[in-house]
Amino acid sequence: MVCIYVNYQILKCNKRVCISVLLARFDFTQGILERLDAGEIVIGDGGFVFALEKRGYVKAGPWTPEAAAEYPEAVRQLHREFLRAGSNVMQTFTFYASDDKLENRGHTQRFTGQQINEAACDLAREVANEGDALVAGGVSQTPSYLSCKSENDVKAIFKKQIDVFVKKNVDFLIAEYFEHVEEAEWAVQVLKTTGKPVAATLCIGPEGDLNKVSPGDCAVRLVKAGAQIVGVNCHFDPETCVKTVKMMKAGVEKAGLKAHYMTQPLAFHTPDCNCQGFIDLPEFPFSLEPRILTRWDMQKYAREAYNAGIHYIGGCCGFEPYHTRALAEELAPERGFLPAGSEKHGNWGSGLEMHTKPWVRARARRDYWEKLKPASGRPFCPSMAMPDGWGVTKGHADLMQQKEATSQEQLKALFNKANKSH
Amino acid sequence: MVCIYVNYQILKCNKRVCISVLLARFDFTQGILERLDAGEIVIGDGGFVFALEKRGYVKAGPWTPEAAAEYPEAVRQLHREFLRAGSNVMQTFTFYASDDKLENRGHTQRFTGQQINEAACDLAREVANEGDALVAGGVSQTPSYLSCKSENDVKAIFKKQIDVFVKKNVDFLIAEYFEHVEEAEWAVQVLKTTGKPVAATLCIGPEGDLNKVSPGDCAVRLVKAGAQIVGVNCHFDPETCVKTVKMMKAGVEKAGLKAHYMTQPLAFHTPDCNCQGFIDLPEFPFSLEPRILTRWDMQKYAREAYNAGIHYIGGCCGFEPYHTRALAEELAPERGFLPAGSEKHGNWGSGLEMHTKPWVRARARRDYWEKLKPASGRPFCPSMAMPDGWGVTKGHADLMQQKEATSQEQLKALFNKANKSH
Amino acid sequence: MVCIYVNYQILKCNKRVCISVLLARFDFTQGILERLDAGEIVIGDGGFVFALEKRGYVKAGPWTPEAAAEYPEAVRQLHREFLRAGSNVMQTFTFYASDDKLENRGHTQRFTGQQINEAACDLAREVANEGDALVAGGVSQTPSYLSCKSENDVKAIFKKQIDVFVKKNVDFLIAEYFEHVEEAEWAVQVLKTTGKPVAATLCIGPEGDLNKVSPGDCAVRLVKAGAQIVGVNCHFDPETCVKTVKMMKAGVEKAGLKAHYMTQPLAFHTPDCNCQGFIDLPEFPFSLEPRILTRWDMQKYAREAYNAGIHYIGGCCGFEPYHTRALAEELAPERGFLPAGSEKHGNWGSGLEMHTKPWVRARARRDYWEKLKPASGRPFCPSMAMPDGWGVTKGHADLMQQKEATSQEQLKALFNKANKSH
Amino acid sequence: MVCIYVNYQILKCNKRVCISVLLARFDFTQGILERLDAGEIVIGDGGFVFALEKRGYVKAGPWTPEAAAEYPEAVRQLHREFLRAGSNVMQTFTFYASDDKLENRGHTQRFTGQQINEAACDLAREVANEGDALVAGGVSQTPSYLSCKSENDVKAIFKKQIDVFVKKNVDFLIAEYFEHVEEAEWAVQVLKTTGKPVAATLCIGPEGDLNKVSPGDCAVRLVKAGAQIVGVNCHFDPETCVKTVKMMKAGVEKAGLKAHYMTQPLAFHTPDCNCQGFIDLPEFPFSLEPRILTRWDMQKYAREAYNAGIHYIGGCCGFEPYHTRALAEELAPERGFLPAGSEKHGNWGSGLEMHTKPWVRARARRDYWEKLKPASGRPFCPSMAMPDGWGVTKGHADLMQQKEATSQEQLKALFNKANKSH
């Protein structure tokens, strides 16, 4: 192990005792399992599709990652920001980059699926090498599964992405964003053939997967399928995700198995969601702004996840680099160093100590920000919403995926159905 | 004038009549006044300090732009995103880049003020040349004024930045973010010496500047000082800013003068603010998330500004590229083209037409998003807040700016004062 | 003057200094003007139509007071409760008891207008004699005015009620709930013919009457018409009403005139109302519950009204006896006595000192209740509403009153019109 | 059975089909079990302590019913209002009228416990005889139990109230408002000695009693102890209460037992409560106003309770007569008649059909009121609160009840403890 200490900074802790800590620690050798086995905290990265949608490089709806090939400088810049914020993992920007999904969305005109996956690997590796980060190749759920294709067909889809990850020699693999544990098991089985460490996360809450398999049972099945790290990502807020992973951990331990745990939640508050998560919120995906977590919400999440025995702590949709930085800052006392990005951030608001207005200077303290209940500035809006969702899942005709654009007649039928459900 | 038509796209309008429009129009020759005189709509850019703070390159509190010299790739990328979103103006990232402010914040250790201002000009020009945008050099209010320095001293501060703008040959100048119309007049007087077009925006609301000079009177004074474009920026939400500029316009017209008008509001809802704007909100600056505007709020703003006769329509703190794109999309029928970034955005949610879940596909319509009252997911938080603010302005001892960091004793005194005011 | 001191109680004040005060003071002789001239505080009563609607004796919509004749024991009981709560005025339950209004609503089948007015006088006098209260005969706006009947016709309507009040020898007269100052002037002119003291209250806010006559101008006109006491009642919350009466007072004083001032606001929060008040709120009249004021809100109101120089302090729709008691309790230090009903009320929550649960006992203090921001328990509801209202007033065809029930065709047309306005 | 049909009225249903129904049906002979066995719906009455507190006759904190003897006309009037609203049961106003409770609160100075209980029986019988109502004698939990007195001591307390109920020959008995199922069992055992029908309701939610005995298990124990009717009252909103009684019903049925079911919930929304219910809400008891249910909320409750197989449907704290009337109106189609009080109420807002303002007339329809999400008018308040509560129950020193008033030292200690818990 080679450690290069490059900088340090004064970290003020709660009790105003000053501690000198490293601003960044470069460590080029350890794999994901070595780190977790050694009790290290691994900070994940954030949600690329949402962040790049706001920047103009991903289309909401399809959510496909062709920007890896089309606009590499934008993807590279986002990787760098997460690295600077403290991420130890650069996930390849390959969400929904399976051939069947890309074909569904018409993005193979300019780039093949292989080109997109390769470009994503190259960008992740380039930036990972600039700091203390590993590269993780990721696969996610497929329209083939939802459309009731065979196990072999679905596995063949995963295999094509895996071939790129092996060729590009990523450090480990993540099967993420699965609503059905069965499909996740299939994915893990394919990933395991590479010999690389495998993590698997479902996008489920305490109610379990879409077939109502409980979080505990899901986790046991994933571990048995070969995943060394299990957890959840996306669909729910940090509070719900930590609760769900606790149930997973209890299930795994009750079964006499062992695993590492991870959470990569939304950066949106979702107290009102049911089993399908934020997709069903009326605000998804274009009016979620009032639900965005603050950096203080993030520090709370990092602490709660850590206290629950979750050591791989990252984010998903909605996470911006400053959210990730907050995770790294909260856990700086345990880790012994701050992320590079803290160069531009005073902990607990201390950057306000020199603010022009004295009443703003008075906010330069932890107590203020921890207790504040932020107003929405939206007096005509409620605080909770009734989720949509028609209680259907894989196998239902409504969910058969098609390649053709939804027709006006189909849309009209949907509007009517949706209006009746309210 | 040279026009190069590079692309086109189907623009669906409200009434589902299909119109073919250009995706982008490059036009290298016209200045800001020629455009406005010709009745064109000019889309401004967004708020760099807030956007870069979230990305890890600006420190909240000081809010200084040393990143222009320190992390040019991050600043360049943000310029590119706003250009792609439809901005016709690249403002130099020189907010709070006056020597007195930089010195106050200790950022001249690595870079001189001149270096920062020059780097900012180079980045703005580089990206402006990639599209149809002008470069605007910007100055903002100074700690010298707040600390009661003389008119000559304050003007000398502006002069140093202007020297760089002239050397780098920016296309026009903006005096922005002034709380006192008197200081803005001084700034305009300095800017006018360059012979370049001058815009001036105050960060005020309907109550007027901090000495209670009304918006109408402020605008008249700025026009008389030589500004060809007047308006407001920052501190208030779009609704309030449009209201304020309407008052400015009425004042200018009543005085028999002529001007162009601009707004660069926050991307935060601020119905509860008083005269000093969002600075005084308890949520400023670290818990403003629930107040962030949606893209639909932005389309409403663009329409209202345009209807009010405001043709320079941009943004300030909180604006992300997708917010700016929404302005350009709303006014595409008037302008005849969509921004390049609309390549990755279906208008009024049409990108959802192919969503996996049919109940989400049912949201692919204008009517849905326009009427939705988004929930905050924060049932323990209120919708409005009581602003802080001690009713003091320039001349009050509390506002004398100091170079030294606020001491613990000073902070303690502030906490006590703040607690009493609640 | 004969004073009979009947009881006393320990009144704990803010500073926990104990003061012995009288529980009730019976004073049989002084009239309303003598009291106000002497600087006494007069506590009004509450809103009978709303309170009796909840009890089952008034029909929402018509809002007519036939219960005075039909169910006298229910009306008598409510009078007694307000008397016990500290009211010094028993208003005759004669709201909307003009013959034209009663006829419009079909309530003259069982009782004539005269019978209802007489019964109301008898009940008010009976209960007033049980304590220290005066009887006030009240008239309110008429459908005749709204339907553009002549001044003579409208005055004749008032005259019929006045004849009963004179016969029953009430102590003074109130013209209340007028949306147009012109009609209120006519009413005052009729009331003045009796020689009794006359009070006049409009149901207006800071924007003035429905013809936009300002509060100050309205007040001047009422005083010139002969009213000795002027103010507002109904339609707005206490905060708005106090603000409006301040404007009235400023107008009267500017005109070199003199008057006493009164407020009888709603017990509903109405920050979102426009000029027509709570009638236009979507919640009116059947879903106003979330807006009901607490007793602590009422104490704040009493203090603010008193500080504004308003000495006749009462209530209107939504006031229950405990609301009125809160007014009397807040002003007990100034008045020197508590109301009889305080026998069953510990001030500032002190009744909780013996509560079973210790954490509830911890709420037995002023500081707790004054600062509490009460939750609505309605996370799917907003905090503010957009008022209806079509911007029409007297003279518009939509407001011509008819005797016949609204037909299904008319209702259907209204629904369509209302839906379009949103 | 003698039925006297006295009146009828047009009842408009959803589909605007007109149905003629009876306004009231007098039926003098059937007992509570005969009615429920016959499938009749029994409408309970509302919460006397809260309603009379607002009217000035009950002191919040002690909540004792000495008004039955002190102010009989006020209690009689409230009974009459509930009868008129449709209640079939007049509960004796004997809540917290056990000798140990009264002694704790110092109310035996003027009246003995026996006098209060007797007066309450006489008032209930007097009014019950005016309509179709039964008299129910009620007992509730005792401070003796909380202070760990013996089973014999606690039973002796109940016995003293029962002696009065037998002497006054009430129609049936209710053991209500028990937080511990054990104490409720003891109460049922005592009540059963009278030979009268016995109902038993706990003030618990889905989490069960304060010792975490589940609702299902609680219900089984109560039925085995001899209760023929079981359910819940107070502490939670209707939605929570219906959910809890469903769990009770499932438990009873699973155990192969039979019972009738009842709910008497709060008229306050309590989505944020934990196991101890609304007592622990920060708003209890003086700032609950924003949580009050509308009449439309009540109709929803009545329907849901009926659909869940609950046929004894009443209310508790917060219920005003109009709330009870809404229950009777919702179930009028099933029962075949409306309550007498509907004489003054148009169903689903139809009373607005003749309103002065046409936009208010447009609200005269079910669709409008059912869908309306009422605003609170309180933009500075949240929608949910964090309950207090220290996780202690019977047996903990903090809950030992004392006769002496809480001292200033004790209160100060409580404040400190409470502040720490937040």
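Note that the chains take the letters A, B, C and D in the order they are written out, and that residue 1 is the start of every chain.
Basically, a residue touches a chain if its C-beta (ideal position, glycine included) is under 8 Å from a C-beta of that chain, and two chains touch if they have at least 3 such contacts.
Being a predicted model, the structure only gives us computed values, none of them experimental.
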Legend entry - Centroid-based (C-alpha) most distant chain relative to subunit D: B
Inset, instruction - By the contact definition above, name the pair with the higher C-beta contact count: A-B or A-C. - result: A-B
Inset, instruction - Mind checking the centre-to-centre distance between subunit A and subunit C? Centres are C-alpha means, answer in whole Å. - result: 58
Legend entry - Interchain centroid distance [CA atoms averaged], subunit A/subunit B, Å: 31
Legend entry - Shared-contact residues (touching 2 or more other chains) in subunit D: 272, 373, 375, 379-385
Inset, instruction - Using the touch rule from the top, collect the residues of subunit B that touch subunit D in their complex. - result: 272, 379-386
Inset, instruction - Spell out the part of subunit D that touches subunit A in their complex, as residue ranges. - result: 373, 375, 379, 382-384
Legend entry - subunit C-facing residues of subunit D, complex: 53-62, 73-74, 77, 80-81, 84-85, 104-105, 143, 146, 237, 268-272, 276, 279-296, 320-322, 325, 341, 344-346, 349-365, 369, 372-385, 388-390, 398-399, 401, 405-406, 410-411, 414-415, 417-418, 421
